[in-house]
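What follows is a pair of complexes built around chain A, which joins chain B in one and chain C in the other.
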Partner chain A sequence: MANKIRVATTSLAGCFGCHMSFLDIDERMLQLVEVVEFDRSPLTDIEHCTNCDIGLIEGGVCNSENVHVLREFRNNCKILVAVGACAINGGLPAMRNHIPLEECLNEAYLDGIGVENPQIPSDIELPLLLNQVRPIHEVVKIDYFLPGCPPSADVFWKFLTDLIEGREPSLPYELVHYD
Partner chain B sequence: MSKAITIDGKTIPFEDGQTIMDAAMAAGVYIPHLCHQPEFTPHGSCKLCTVKVNGRNCSACTYPAMDGQDVLNETQELIDDRKKITQMLFVEGNHFCPSCEKTGNCQLQAVAYHLNMLDNHFPLFYPDREVDASHAEVMIDHNRCIFCTLCVRASQQKDGKDVFAVSGRGIHKHLIVNAQSGLLKDTDLEVTDQAAHICPTGAILIKRTGYQVPIGERIYDHKQIDQVSLAASGSRPDAAFPPSLAVETEHLKHGE
Partner chain C sequence: MRQFIQGIAENSHYQATHLLQILRQIQSRYHYIPKAAIEQLSGLLNIPRTQIISVVEFYSFFHLAPRGQYELLISDSITDHMLGKKSLLDYLAKKLDVAVGEVREDGVVSLDNTSCTGMCDQGPAGLVNGHALTRLDRSGIDKIAELINQQKPVDEWPVELFQVDDNIYKSGLLLNQQIEQGAALRSAFKRGIKETLKEIDYSGLRGRGGAGFKTAIKWQFCSEEQQTERYVVCNADEGEPGTFKDRVLLNSYAHQVFEGMTVCAAIIGAKQGFLYLRGEYLHLYDKLQSILDQRRQNGLLGINILGAGLDFDIEICLGAGAYICGEESALIESLEGKAGIPRNRPPYPVTQGYLGKPTVVNNVETFLAAAGIAVNGGDWFASIGTEKSKGTKILSISGDCVRPGIYEYPFGVTVQTILNDCGADDVLGVQIGGPSGTFISNQEFDRKLAFEDLATGGSFIIFNSSRNILDMVHNFAHFFAHESCGFCTPCRVGTALLKKQIDKIVDGHGSAGDIVALEELCQLVKSYSHCGLGQTAANPILTTLERYPDLYQSRLKEISFEPGFDLDGALETARRMANRDDAGAHLAQTENEHE
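Moving on to the complex of A and B:
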């Protein structure tokens, strides 16, 4: 067990669609867990990552907690990977970037249709929103990028098997999609 | 005796008056490009077709072919430059492919795929750009305009109109339309105009047609832009010249 490759995953400002797509490797997951052990991940509920080989990051950064998590991953993963459109360019969450944050909050929590008990959430437990959603390569050094919304299961499989088997990861034309 | 240049060591014949791009396409050699289409006056603005001619960087679409030129096209240095140029095009607009109806038929995306561009490298600009949906059948999404001026040239040179122009300089550069109101509905653009169909990205779209061809079955989902571009230009790799100067219209026929 001690020699297994340690993989951590997280979703920042993402929809978990990339994680779902990763799980679409289906029965190949059994092959994977023979050589890989999952550390911090929504799949394990481990809260913090330590001494990992590979960190997979879904989503961009939209709040202060995202930034802390991303830095924790960078500090603890030898190889950090931006997974999916949102991690790479902010994606759909970044479409709020040209709307002032106050207007976004007002629309969601005060003025929107069907809002009951209107109030802007302000519990101290809640992370503060950034004024813009940013891609993760603007915050920490990223080693590899897997484009797609989401990247297909075959993209995860090709990338991870390349890495595990000691090859420089590469994606052929048919695996590169931005949609 | 026929005149010829070499591209990456391969002998390519040409006729007087042809550019390096003309000669290359006729011979079945793909040089990446976005702002160029053979039927329009070359513009030389996107710089993707930058090649090294006798040691100097030149735009293949505007540079005349001359006997004996030594042209480099597929070198690692030029491929890297083209990738950086494409990344700059992506970060200075708002190119969110998953929510764009042009995805899979987009030449900007296709060039990026061809160059195996996996990231944006640069910080993103997220500029504030508008959408003009005023016209009944055609819309402009300025978020996706790369200022190639193909719509400007198509309107002037094919449609006999003057609907589009590019205004401003540098980061303030933007596409404008020929109407006092600034709205597309007040121009004489018609949905049958070539200018309405020529956009290489999703900046000018025909309404209510975006999803006629499903994502996954679109032009560049399975074919690389070099194959599509050369097939559309009617080039035959081993053909003798004079070359065909057929029109690159493949993308017009598929689900715009």
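Moving on to the complex of A and C:
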């Protein structure tokens, strides 16, 4: 098919759990790739985004590289989606927000038990940490939010099929309740 | 300390309902609530220590860590800001060598902001160890700094620092003539209790706190409950910024207020009443206690009042800095010695209130009016006002006008009439009913104060054309985020997000989508919050967004999005620790800058 819908995905400060959950759509993946082509994504190993229709972002923003990746996605994706609790709220990585970054780094690299050759890593190849982990909508404009930790495979399926078929995506209560 | 705490617990008969009053005394003596005190109280009052900690953490005036021997709090009401509070606070901080929110290293003084202290007509205002300071200016601050550095006890400070005036500029039906002590009770007993309730019903009196529930119906419901142990509560937790009329009523009309409560007790069959006095009005406490004593001596309180067989007494309970306790069910929780978290309603307090017993909670002004009606009859009251809003309303007027103070008007008065009387010109708009009320622009001054049009608890803040509406919205958004009780997520998180979003727009980081996001958030907080606080917290934004959309638009950047925080600044710690300053160690705020 000539004009497949192009989808890019990435994980910032996330655990790839959302990606794993996405893969849980199982055999429906075959249906999906009939109409969808993956651009930059851990599934393809493509390193940079080109023009895409949909970008799925897992994880929050914890360092400068996350900011650059997020901006690349925003610039290339018509629709940008925050996927899962960490992208929406900062999630688990944001638990460090209650502790000053200086204390975190000291504990991890200087004072912690079992630290050998204590030093703060410093190399221009290494991204610097932001003082707090941020949800992605605080850094770029986000169009849709998929709640869940992780969002279930059915959430991905419902959301993507809605978009692909030209409907305004909506998630029924059964897909987003937690009890 | 053990002995001190043992003593106050004994005086409170080891009742956990007195926890707030006990903690007030401990805070006042030690300037914090020591851990050992909590352990000891837990045993004495037979409640879990976590329950005590939750109460300490809930109220602004209690602290788990030591505050200064002089605890200075400066009122953060918008009216104080309009009177130059910000520069005074900075001056004070410099003078005392203490940062706002901190305790000075020697432990002598601490300085912080506090929500409106109810002195909007005589600000900038503050509190020192709970005592109200008024009309602060640079010379006053020099004096205060000197007194603190000399470590002079607060009760030896010059009285003019604590001078609180009534500033009554316009009296009407209620303020013109105070009833004679005992007159309302004598009339009620003479006329008959049932007949007196009929008169109150006939008068059309509605609750003066703002909600406007019909008083006679509330009292009747309560009197018809099966439970015979019933309570009367006077809500003097006047926390709505811009409101201070209850302070004046309790200063100069307290007899009549207490008499109104006693009439209510006779009607509903209550033996015990409470005056819940906001902690900021500590300066009224001794005076009110002596008025209660006087009434006891005159046979107007206590056993067999006026020989009519009514037994009733009133206890004064002080709050500890929590706006939410003005909500009647939160107030009852607080009276019971707990954190002021609003209950589910129904059941309403008239069926299950204090200790689960039928309870009438009314505003100070409502009891004042009820006493007047008991003496003068329903007609006296009902002949004034509008069809659905009988009688008069006492207003607290502050902001940009020549004569800020107390004004009493028949319901139905226009905003323009009020502005003329208090000497306000070049008016941009008026915030009516406090932050939880409505902002009206200068195109609407023919509107009327009445339940049919602009309902109000009495707060009336005037802004002239030199003011920026967004400063006000910003102040109110911070107020609600601070005062949210934290019980329900839509309000706890919602008010914090509203604050953040308003900050972003006011600070000039906003873009087109941010106004849409703000409106959506407002609707969410309004629709899903548990109580009135959250349901009204978005009002300042919604009412001004509706009237001044251009003002908001003018603050927006013409780009699709900009982060609301300093991105490059967020890398500062990491940059310093990694000892880096290369290009890769920086981030542009928006991409167009240099990426």
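Note that the second predicted complex is superposed on the first by the 174 of 179 C-alpha atoms of A that agree within 3 Å, B and C clash if a C-alpha of one lies under 4 Å from a C-alpha of the other, contacts with A are read in each partner's own complex, and residues count from 1 in each chain.
To be clear about the criterion, a contact is a pair of C-beta atoms (placed from the backbone, for glycine too) under 8 Å apart; a residue touches a chain by one contact, two chains touch by 3 or more.
Because the structure is a prediction, the values reported are computed rather than measured.
S.K.: Superpose on chain A as described above, then tell me if chain B and chain C fit or clash.
M.R.: On the shared chain A, the partners clash.
S.K.: In the overlaid three-chain picture, which partner chain does A:F145 touch, first (chain B) or second (chain C), both, or neither?
M.R.: In the superposition, A:F145 touches chain B alone.
S.K.: Using the superposition on chain A described above, determine whether A:I5 touches chain B (first), chain C (second), both, or neither.
M.R.: In the superposition, A:I5 contacts neither chain B nor chain C.
S.K.: Can you tell me whether chain B or chain C touches more residues on chain A?
M.R.: Of chain B and chain C, the partner in contact with more residues of chain A is B.
S.K.: Please work out whether A:Q132 is in contact with chain B alone, chain C alone, both, or neither, and reply first, second, both or neither.
M.R.: both
S.K.: Please indicate which partner A:I164 is in contact with in the superposed arrangement: first for chain B, second for chain C, both, or neither.
M.R.: After superposition on chain A, A:I164 lies in contact with neither partner.
S.K.: First (chain B), second (chain C), both or neither: which does A:V36 touch?
M.R.: So A:V36 meets neither chain B nor chain C here.
S.K.: Using the touch definition from the top, say if A:E174 reaches chain B (first), chain C (second), both or neither.
M.R.: First partner only, chain B.
S.K.: Kindly point out the stretch of chain B, out of 6-14, 96-104, 168-176 or 240-248, that overlaps with chain C after superposition on chain A.
M.R.: 168-176
S.K.: Go through chain A and flag every residue that touches chain B in one model and chain C in the other.
M.R.: 132, 134, 138
S.K.: Which positions of chain C touch chain A when the two form their complex?
M.R.: 511, 513, 560-561, 563-565, 567, 570-575, 577-580, 582, 584-585, 587, 591, 595
S.K.: In their complex, what parts of chain A are in touch with chain B?
M.R.: It is residues 82, 85, 88-92, 94-95, 97-98, 132, 134-135, 137-138, 142, 144-147, 149, 170-171, 173-174, 176-179 of chain A that touch chain B.
S.K.: Touching chain C in the complex: which residues of chain A?
M.R.: Touching chain C: residues 64, 67, 71, 75, 100-102, 105, 120-122, 124, 126-132, 134, 138-141 of chain A.
S.K.: Of all residues in chain B, which touch chain A in the complex?
M.R.: 90, 94-100, 103-104, 109, 112-114, 116, 118-121, 123-124, 126-128, 215, 221-222, 224
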